[in-house]
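Each of the next two complexes has chain A plus one more chain, namely chain B in the first and chain C in the second.
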Partner chain A sequence: MLELRAITAGYVKNAPVVRNVSLTIAPGEAVGLLGPSGCGKSTLARVAALLHRPDSGTLVLDGRPVRRWRHRAPRELRTAFGVVFQQPRLSADPRLALRDLVAEPLRATGRREGLAERVAELASAVGLTPDLLGRRPHEVSDGQLQRACLARALVLRPRWLVCDEMTAMLDASTTAALVAVVEEYRAATGAGLLAVGHDRTLLDRWCDRTVHWETLPARARPAEDGQPAPERVPAG
Partner chain B sequence: MTERAPVLSVRGLSVRFLMPGGRRVAAVTDAHFDVAPGECLALVGESGCGKSVLASALLGLLPGNAQTAGQALLGETDLLAADERTLARTVRGRLIGLVPQSPAAHLTPVRTIRSHLRETLTELTGVRGRAALRAAAGKAAERAAFPAGHLDHHPHELSGGLAQRAATALALVGDAPLLLADEPTTGLDRDLVDRTVDELRRHVDEGSEGAEGAEGAGASAGNAGAGRALLMITHDLAAAERIADRVAVMYAGRIVELTDAAAFFGAPGPRHPYSRGLLQALPDRAFTPIPGLPPELGDLPDGCAFAARCARATGACAVPPPLTGTVACHHPHQEPGPRAPAAQPLAPEAADRA
Partner chain C sequence: MTCDAPTPAGGPAPAVWRSRGTGRRSTRTLRVRVCAALAAATVLAVLLVPPLVQLDQQAVDLAAKLLPPSWEHPFGTDDVGRDLLLRCVYGLRVSLLVGVAAALTATVVGTAVGAAAGALGGWADRAIMRVVDTVSSVPHLLLGIFIVAMFRPGVWPVVVSVALTHWLSTARIVRAEVMSLRARPYIDAAVSGGASRWRVTVRHLLPGVLPQAGLAAVLMVPHAMWHESALSFLGLGLPAHTASLGTLIQTARGSLLAGQWWPTLFPGLFIIVPTLAIAGLAGAWRERINPRRRSELML
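Right, the complex of A and B next:
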């Protein structure tokens, strides 16, 4: 069970982008979070994945409240999450060959045993050829790099997956392929999923339930003051 | 389709990149297409298929190791043969307005939108003087539905949609007969995608209205009230379906299908197996991926580049299929109507038995 309770989070003092939002994901459940750009949905996903400390509110993971985020979070909690971001180019170390990119979480947690086999197994699951594994990010396409990023997210066998606009940069076929990989993994492991996106058709097809940002309980409007209002201007 | 003279006429456009070690990457191979005034042609395909290289070739923005062949006629100018001076002084902004992929990266972060517009107006039009430029900037913003109240904002203060409109306003200043939109909707949410492409469509339909001071080379390309042409490069099939008149599907550097948008997205559907697979991968259709990966552009097979992933492939596919009619395939899906496809080597015995 992943429970976000009354989360308030943001980047500027006194102007949080997420205000008092709650969301619960049952074990093994796939929840799609839908919302326009700039609404704060990615920030909420980062809070859920222990990547952003909220200003207030609680994150309860399997009954235990989380007290530390980012590098301060205990390893067994951090490794419970696999995260895939929107832009593979910004989330891949340009110096690493794809093989090392996928293996990095294993190395970082000292699990060198069977490393090569695990990488090979995942590479074939996400559709990367051995030739591609030897290349660095600038030598592959966005779609191929995102396949590697998904493999990296799965390499530690996380109990939770957070996919933040994972397919926004990708063509239809690669999108369908990556979603199929995620669903195969979830079918095999029973992992839960929070998929953030703006494509209702995609999330409806992919997830058990889709919630719209606007309908999340107990929230106030984001950032009325100071920041430019996102798209409140009448067209034409 | 194109009874009027096309705005852009591309004939046999190929782009090769020479890599270290004598490797050659075939980014675009033998592309043929026209874009008519008032028409939107959507060039679709997956990332890395050569779409954006084609756009860069039209703008003369390819890197130094690129070799081009063929012709791309815009009015009397061959964009591939033109020198940098011609491209800079008469083509970019004047004959081709570029709507960029990422407006946030396209705009200068330290300057306001008004300042961007003022500079562009000074460069591309005859408007001079503080007051006149100020008024012209307001007008230019209005054409792209950019709100006047945000003109003094810097790019980082704008939402994605407004930044997109600012970039579009800049692209429209030169009153170019061809708008080139390179992935204009990447990273935008669905409502914004719809709004952005609808606005692009509006600019195509409205065409050039002889905006302030469009003297100079811009007027020469036969756009007399006939509307602009739009070449939209995208991987977003929903956006293409929304506004395109015709669709060109690119795979591994080649245009494999070039057809009417209504027939492509509706009945009878695409004829090339790749196009079909791409449509079937959409979440509101079968949501099944095309098996396998696209080939490397540096290591293309001799025959049809899609054969390795294609369920209909046979021995005939060892020879690259020419673009016959609307499709480049040895085994295309059936053409509508009574005409049998010209190159259909499948099952002649069925006809014999009849």
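Right, the complex of A and C next:
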């Protein structure tokens, strides 16, 4: 069970982007989070994936409250989440070939045994041909790169998947292919899913339930004082 | 963008932006080639002349003192009759060694400190940058003089002195770059993929800042040569018998007042020419690694 309780989070002191929001995802459940641009849903997804420390609120993972985020979180907790971001160009290290990109989490966690087989297996699952694996991010299309990013998110067999507008920049066929890969993985492992997006049709068809940002227990109000939401800056 | 003069009838109208861009590019290419040739000549001279020529740069010939430039002595001789061309090449050798060693040391220290500050963030970043600000607040030539005065004159005290006073700008550049890279989603992906702080820094952040750090190192070489010359000129750098460009100018300044210009002019040129060559090459490198400049180059 992944529980976000009364989360308040932001990037600038005293100007939270997300205010007092709660969301619960049951094991194996697929929840779609729908909302307009800039409302704070990506920030909530980052909090859920332990990438951004909230200003207040509690994240409870399988009954245990999480107290540390990013590098301070234990590695096995961090790797319980597979994250796919909206922009594949920015979420891929430009120096790594796609093969290394997919294998990077395995190397980072010291699981080098059977590395090549696991990468080949995932590449075939997401539809990347062997010649594409040798290319660098600038030598492939957005869709191909997002396939590699999805493979990277799945390589450690996470229990939770966080897809932050994963298909926003992709055409319909690539979207369908990526969603099919995620669903295949979930069917095989029973992983839970938080899919963030603003395409109601897609989320309704993909997820068990779709939550609209406006209907969350207490919604974020980033622009209530007439100021735009602040730029994203790295979390500490 | 300016308008070109009308083209002769019948000829194809040239694209204005292209002709201008090509012209600028060829000037730039010529500049880079000249700089590369000068830098190569400098390096070859300091590497090849001493072992090949087998002449004693310390050979004193009082009968031939302060001779003006001639075929026998192209740069003339100094106040004790030593050949100035040979002395300048040996001096350049020492100055270049000090410049390269000091620039490398300063870049390694600056990159390590800047990367640590940028990657750690928070209070560690604030503490490290306050140390950087504190060291920066002391005039660096003064600090360099203080450091070098603590040791017996020699090459390595000068290297240490220049390196310890010049890592600050590199640290600032690297920190800014690391902080900018740290905000990219691929760093988030690495964190989520279980990478340690060390791995994120070494595998993802440092390779991204290496071009800037390398550029800073190259630009620092002539600057460090100038510092070596300044310290030696003040009598604090290398011992007087060791030929460096600074000591050559320092020992020759008396004869300049007597009208003998060559013992100061040629060592001075030996400082200026490599400086311009290295700065020209570094400028071309900066244009290559700066995407905005690169887009102009593509015109």
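Going forward, the second predicted complex is superposed on the first by the 224 of 236 C-alpha atoms of A that agree within 3 Å, B and C clash if a C-alpha of one lies under 4 Å from a C-alpha of the other, contacts with A are read in each partner's own complex, and residues count from 1 in each chain.
The rule is simple: a contact is a pair of C-beta atoms (placed from the backbone, for glycine too) under 8 Å apart; a residue touches a chain by one contact, two chains touch by 3 or more.
Remember, predicted model here, so these are calculated numbers, not experimental data.
In the superposition on chain A, A:67 contacts neither chain B nor chain C.
Within the superposed three-chain model, A:109 lies in touch with chain C and out of touch with chain B [touch as defined at top].
When the two complexes are overlaid on their common chain A, residue A:200 makes contact with chain B while staying clear of chain C.
In the superposition on chain A, A:152 makes contact with chain C only, not with chain B. In the superposition on chain A, no contact is made by A:209 with either chain B or chain C. Common to the chain B-facing and chain C-facing surfaces of chain A are residues 233, 236. Those residues of chain A that touch chain C in the complex are listed here as 46, 49-51, 70-71, 75, 78-79, 81-83, 85, 87, 90-93, 95, 104-105, 108-109, 149, 152-153, 155-156, 232-234, 236.
By the touch rule above, chain C contacts chain A in their complex via residues 121-122, 179, 182-197, 199-200, 203-204, 207-208. Across the interface of their complex, chain B is touched by residues 35-38, 86, 127, 129, 132, 141-144, 165, 168-177, 179-180, 198-202, 204-206, 228, 230-231, 233, 235-236 of chain A. Within the complex formed with chain A, the residues of chain B that make contact are 45-48, 145, 147, 149-150, 153, 157-162, 186-192, 195, 199, 235, 237, 277-279, 281-284, 287-290, 292-293.
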